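Each of the two complexes below includes chain A, the first together with chain B, the second together with chain C.
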Partner chain A sequence: MTGRGPGTIIGFPHKRKLVTSIKLFLFFCLSDVSCNSVAQKIYVELNNTVPCVRLLNATHQIGCQSSISGDTGVIHVLESEADLEWPLSKGPNPPYMVLLESSLFTKSIMMKMKNASSRVAGVVVVPKTSPPEFSPHTTCPNENTGVYTETYDHNLAHCNTTVWNPRGNGLSYEEFDFPVFSLKEDNETEVIKQCYFDHNRVVNGSGLQYPLCAMQLFSHMHAVTDTATCMRRSSMDFSTSPVMVCDPLGGYNVCAFIRPYNSTAFGHKENESVVIAAARLDSKAFFLEDSTGAEGSVSGFVTLLAAAQALCEATQEAPRTRNILFAFFHGEVFDYIGSSRMVYDMKNNMFVIDLDNVHSILEIGQVAVRSGTNLFLHSDPVSRRNNTVHDEVTNLVKNLQSSTAGLNFSFVETDFSQPLPPSSFQRFLRARAIPGIVLADHQTDFNNRYYESFYDNAAHLNLTYPSNLSPEEQLEFVTDTAKSLTEVATAVARTLFKQAGGNNSQVNKINADPKTVTQMLYGFLVRSNNSWFQVLGSSLRCVFCLSEPNPPQYYVGVAKSSHQANALTYLVQYLLANLTGTATNLTQSQCKKPDELPNESTYLYSYLWVQGMVPPNSTQRESFCVRTAVRLVKAVSPAFDLGDYVSKEYSTWTKSQWKFIKARIFLVASRDLEMLTLGVGVAVLFTSLLVTYFVSTKADVLFSSVREPNNAAY
Partner chain B sequence: MTASVFFGCTFIAFGPAIALFLFTIARDPLRVIFLIAGAFFWLCSLLLSSLVWFITVQISNKESSSQQKGLLIFGVVLSVLLQETCRFGYYKLLKKANEGLLMLSAEETMPISIRQLAYVSGLGFGFMSGAFSMVNILADSVGPGTTGIHGDSQHYFLSSAFMTMAIILLHMFWGVVFFDSCEKQHWWSLAVVVISHLLVSCLTFQNPQYVGSLVPTYIIVFLVGLWAFFCSGGSLRNLKLCLTCKDKDFLLANHRPR
Partner chain C sequence: MNLERLPNEEKLTLCRKYYFGNVYNVCVWGFAFLPFLWLVNVVWFFKEAFVKPTYTEQLQIKTYVKCSGLGFLLWVAVLTTWITIFQHFRAEWGEVGDYLSFTIPLGIP
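And then the complex of A and B:
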């Protein structure tokens, strides 16, 4: 119903619950909500919901689906696993909408409900306290798109030697044909629980009294079966608006060379040798928009950002033998979208360097949850069978281990026969045997008990702040986690300096800044709308304002055709630009077109207009132009460029489109009352037809007392 | 609630009106025209009272609930008075139209009597009033939910439907009585019509005690219906004749050539 002004009198002589209905009516009219007071009496809309959506790849569809007109079910709050009998078999009013707390959101309960899906209309999860461990990802992440295939090494394929994520229950990769939503713990959950306790509780074993409290969830997904089917069904005619049913996942990688190259010259660069320092940007959860990835991804890229800052400060003067590329890959969780794209571009001369220019790779994996004072260096045993590769890796290990002098931890090599954990480095190895190391805090399987789940948040990293601090003070407070990550960043920066041929005597001057690290951790995991991010951010958009007050979500999202990266990519781009670039004196218009100036070049650098600080005695921000080598490189799986939607080589993940997603609660009446209403209506209709027929045929008799003159017609 | 409630409530609210329309009005195009004109006049009265309501609400104090309640009562009374005024206006228009029609038509008798006009216009008022009362509620009754999550009564749809049926019948009866008393210049019975309309509208302030508003309303429907029956030429004797199926003899007897 569209809005109506407060002046419309609907059914004027008929008044309902007087005062409250007027108040509600006027309040909603004036607050610009659909002005239909009858619907306000029936439904309570739930606004703070996160749905589980459908994703498709070359062979499967995963996620959840509702029917096109929503799924309605009587609410049942699950108290324990044994209580599941009520919705699945004993309850007299199926279908049920099961409300779970997070401790009950386990694979066994979800599978039982999946098998009885005729009686389950949907599931609603209310996250509360973190369970001791929970990982909805698979036990062997990205097992088919890494380097360990049957042909590469039969023993190492499919996690035969080391199961990386043993706690993984694979829930994210199941397919449900009922909707699953997640609610935040707030007022709306209280309303639902109140409604349940008022109407749905069983009293002394007797039947439930109608009306019952019910919920309806709408999350109808348009795509089915797999990516090839949905791409085929998306009609790509030459009209301006093609009708897409699903969208490929993807985004942008953030790349920065220490010494930038001409960005228009692609392909091999003679006599150039590059060390790649890589980290992963994205993460995932069962409810995609709730991804936080504190240990899974944030720890890695924050460390790399701090290392980049430390290195750039120290390397202003001395030219080195090798260049360093800081690469932040996006979409790695979904079968290595970003890194496979970069390798593809390098192989096909679509990137400024190619694989021959790559000297070695150092990747930072999950580094924040240490179980001792050691960090572990993982390498690939198969490529190390080649002597040159082995020597380079040994050299890299030596550089790493010597970089921890004076720091509170040390690097330990893992067992020689153990393969690499899931990492972007594996995609490079698939193309060429390049020496490289992956840093991680786990020796064999992950220390991360919440790998790719929504419990992998600030609390998991023990980011605790004293309670009496204001948000600004919390931003500046250096936590222990920040200190340990700073040391890792220092070691990484020193290693990269040595790898790039820097002078050994200068090494100990390279130190990462703990204040930067703690501010980044606060911004990415606690509150992103803080003063530091605002200073460094773009004045064009407030990228993080949309997800206030929660931290922004970090899943890769769909690859938009326009040049719009998602919030995380922009944050990392601007951070890297400010930490490694130089501030210039250009004005805003010069910043947009710097080519006209003699010393500036858009081939080598990109120019970003940064918001800047508010000086103490004024209200205007002092914005400035930053010259930086940071570039955004498109990260969409090559399978979509090649049109090979059943590719086994590249990621084929897509996300379904949908029309709307919403949830609401209301009361349902018994079937008997409805049938009674219909019966009464039909009876009234028949009676009135009969009586009217009777009266109209006998009208001249019935109304004959008064004869009007000259009247013959009735 | 669902489709069954939707159809049930539609039939309850509009059943008698549909039956009346089908059997008495639909065949005669002139009656249809006057029905629609009657509906239009009711709509005009609604427009005027909406305008006044809108202005007064905007200038009132929206926070004060007692003021809003007073405003509502004022609005109800004003709307009733405006409806009856429009009914009177329609009566005057129809009288003028009848004279004009008589002048134009070739036959000597009027094609439609004032009593039939009274009935048709009353039904027109009733249709429009019922539509505005009920359509909004019917639209929401199709969904899966019923009222009550905020504490309202569960029987909202059903009682709205019964109330609407009563109002439609009442408008029809009031139309008959109103025109009759205007013809005979019985101003006191006009006042009784207006007062009974006010009474029924104010009875709805009893909601959500639906028993308290529906039962008296139906009593009033019955009484006004009886009054309309007698006004339009009915009598107990005629009713007895019809019911005992002696009407054929009566007709034959009355149609003796004079």
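And then the complex of A and C:
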């Protein structure tokens, strides 16, 4: 022996074994075999879900809340309203996770579940066919923030004369204390139903055998009570970092003047008179991220975009007495965020014009679902009591009615005593009696059976394409809806031309392009990742690089502090820029800094780098720089700038924040089995403690016969 | 620290230190941690004060232990009352409740 210590000789074989086992362990962990495969064998994660989230305003919280560690319930597929008895009273294994098809997603079922919420762990909605009508919005949209208040006119307030949305059940504005999710994909629904049929079905009325199929939903919302509370909690300074619990809703309005002004000069412009052509961009649904708004908002802004294109082609040469502002307001569904912001900016000299410069307003409301060949012109009876306003409105009506000459429809005025439908124009009226008209396809209440719901989609507008067309051919195919909207756009463009003082003889040359309209409808309602949007889009912001073919979300979203708008705003901005702007020869670096060039000015114009087409013989896109008067104007409710979170004047909507949202299904054992396992474990623990205690006290008796091998081999 | 090995005078000094709260000669945070120091006093010196056979310093140690015990019970009563009231009414107090809180739970009023 060479004189090593005793420990090394005895320990050496053990050390080698230890090192080998460590190496094996690391090999398995770092290779593809995942270390937590047990979790994967238990849970099936559901990836394509849309949750119902919590929104707050000055007085209420609406939406859904789960508990912080998720809500678990045994899955029950609801077959009819009578079947509700099983989860609510008869079922032996509460709480239940109720799976509904869309036809059963009604207010009465949801309210019954809300009242029995101790037995209902959550609700999952599977959207299938559209019901005949469904509107989760209120019957009188934006009733407290429009112009019809008690002081303005007592009889017209709170929809006393006309209930605009009679099918509204107010489901979006209810508060649920269990999570409600919507499933998007069909594969996952099949997995859930298979699990249900395998384990949870009641056989011959007898009790169910464990294990049962259960689902767990996590959608814990951080904000509570109302906007004032959550904004206060977000801004409190603690020694640890403050936690933001809610964010105000907001976005950007898209504005474009036909003849642009210096964008740094705010306030009143002498001798300038502007006609505002307005439309709404956003909409919502019960599940906010699933909002589509085909009739509610898309029909209006697509018409206005087409009218802008038609007008800009015609007004290159002719001088006009008045300017025209194309304004696309965002956030209108949530108490007129965009339009109230613009009026506030105008009143406080924070916009390039002010209210004195506004001559009249023409707003395009819901125009796609006609019940005849007429479109209706709504005006405000109270402001028309003033003779000047009345004369201007009559003039505008005359311009509108004469502009439909040669077209297949006509404009009809509504009853004089009827108030305006919910529209951005109401916020302007709240500040000043401005003459204006709202175009709509409904004479009294809405023709839209799915107002602000998930079903207001392409099918609702009868956007049908022949089945043998490829997506590119569908993009170019002119549908009937597109044709009718084109005619409306033509009429609007002609009216605006006349209203701005254009020459009457030139009017009939103004025509909207049906191809543009149908491409826009396809892009906004069917598939936004199409070649036309890609041509017009920006290469810098990959919002158009949408991996799914689904349309963008129409809900206004949260006002981000970075200058990032959401996909819909960018789409409309780039579309309007391309339809009304001019292409230039500037290079990409010149496009970013055009002030250095003699003829370009960033005060008047904005310069956007557009992706362009791929020419037939190459793979590179021919991008170019567009000079346009389109600007994005911030649209956040003035209540947040003023710090007045209980405002009755402005929108105070905020959305709660959350940590994560997920859903998963797994098999759950009976409570008795869980308790038994726990009991056995505790018993084993105590037994082992006792045994150890006895062994240690009697150690000298038990181990005295074994002698330590003490061979001194060294 | 094993009390068995200390002489009796040192036991008394230690008990006094824990009673007045100036362990390590720092009076400042002695008062803040008094309830805990008093609890330590009671638990540690209980055997010394009441169980062991009498010695000279034991009477003083007994007084310190009794006073510590009383003070500790008083603190427990005050704290329990305040904590119960605060936990129950914090949500109703709204703004005041939020300003009094160190961390505010998420998602519940």
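FYI, the second predicted complex is superposed on the first by the 634 of 714 C-alpha atoms of A that agree within 3 Å, B and C clash if a C-alpha of one lies under 4 Å from a C-alpha of the other, contacts with A are read in each partner's own complex, and residues count from 1 in each chain.
Everything below uses one rule, namely that a contact is a pair of C-beta atoms (placed from the backbone, for glycine too) under 8 Å apart; a residue touches a chain by one contact, two chains touch by 3 or more.
Predicted, not measured: the structure shown is a model, and the values here were computed from it.
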Touched partner set for A:A583, first chain B, second chain C, both or neither: neither
First, second, both or neither for A:Q65, with chain B first and chain C second: second
Which superposed partner A:L469 touches (first chain B, second chain C, both, neither): neither
Which of chain B and chain C A:Y693 touches, first, second, both or neither: first
Superposed model, chain A: greater residue contact from chain B or chain C: B
Partner chain(s) touched by A:L642 [first = chain B, second = chain C, both, neither]: neither
First (chain B), second (chain C), both or neither touched by A:R233: second
Partner chain in contact with A:T677 - chain B first, chain C second, else both or neither: first
On chain A, positions contacted by chain B and by chain C: none
Footprint of chain A on chain B - complex, ascending: 1-2, 4-5, 7-12, 15-16, 18-20, 22-24, 46, 49-51, 53-55, 57-58, 62, 65, 68-69, 72, 75-76, 79-80, 108-113, 115-116, 129, 132-134, 136-137, 139-140, 143-150, 152, 154, 156-158, 160-161, 163, 165, 167, 200-201, 204-205, 207-208, 232-235, 238-239, 241-242, 247, 250-251, 254
Touching residues (chain side chain C, partner chain A) in the complex: 94-95, 98-99, 102-104, 106-109
Residues of chain A touching chain B in the complex: 1, 5-20, 22-23, 26, 30, 36, 38-39, 41-44, 72, 195, 211, 213-214, 216, 664-669, 673-682, 684-685, 687-689, 691-694, 696, 698, 700-706, 708, 710-714
Residue ranges of chain A in contact with chain C within the complex: 65, 68, 220-225, 229, 232-233, 236, 238, 240, 243, 245
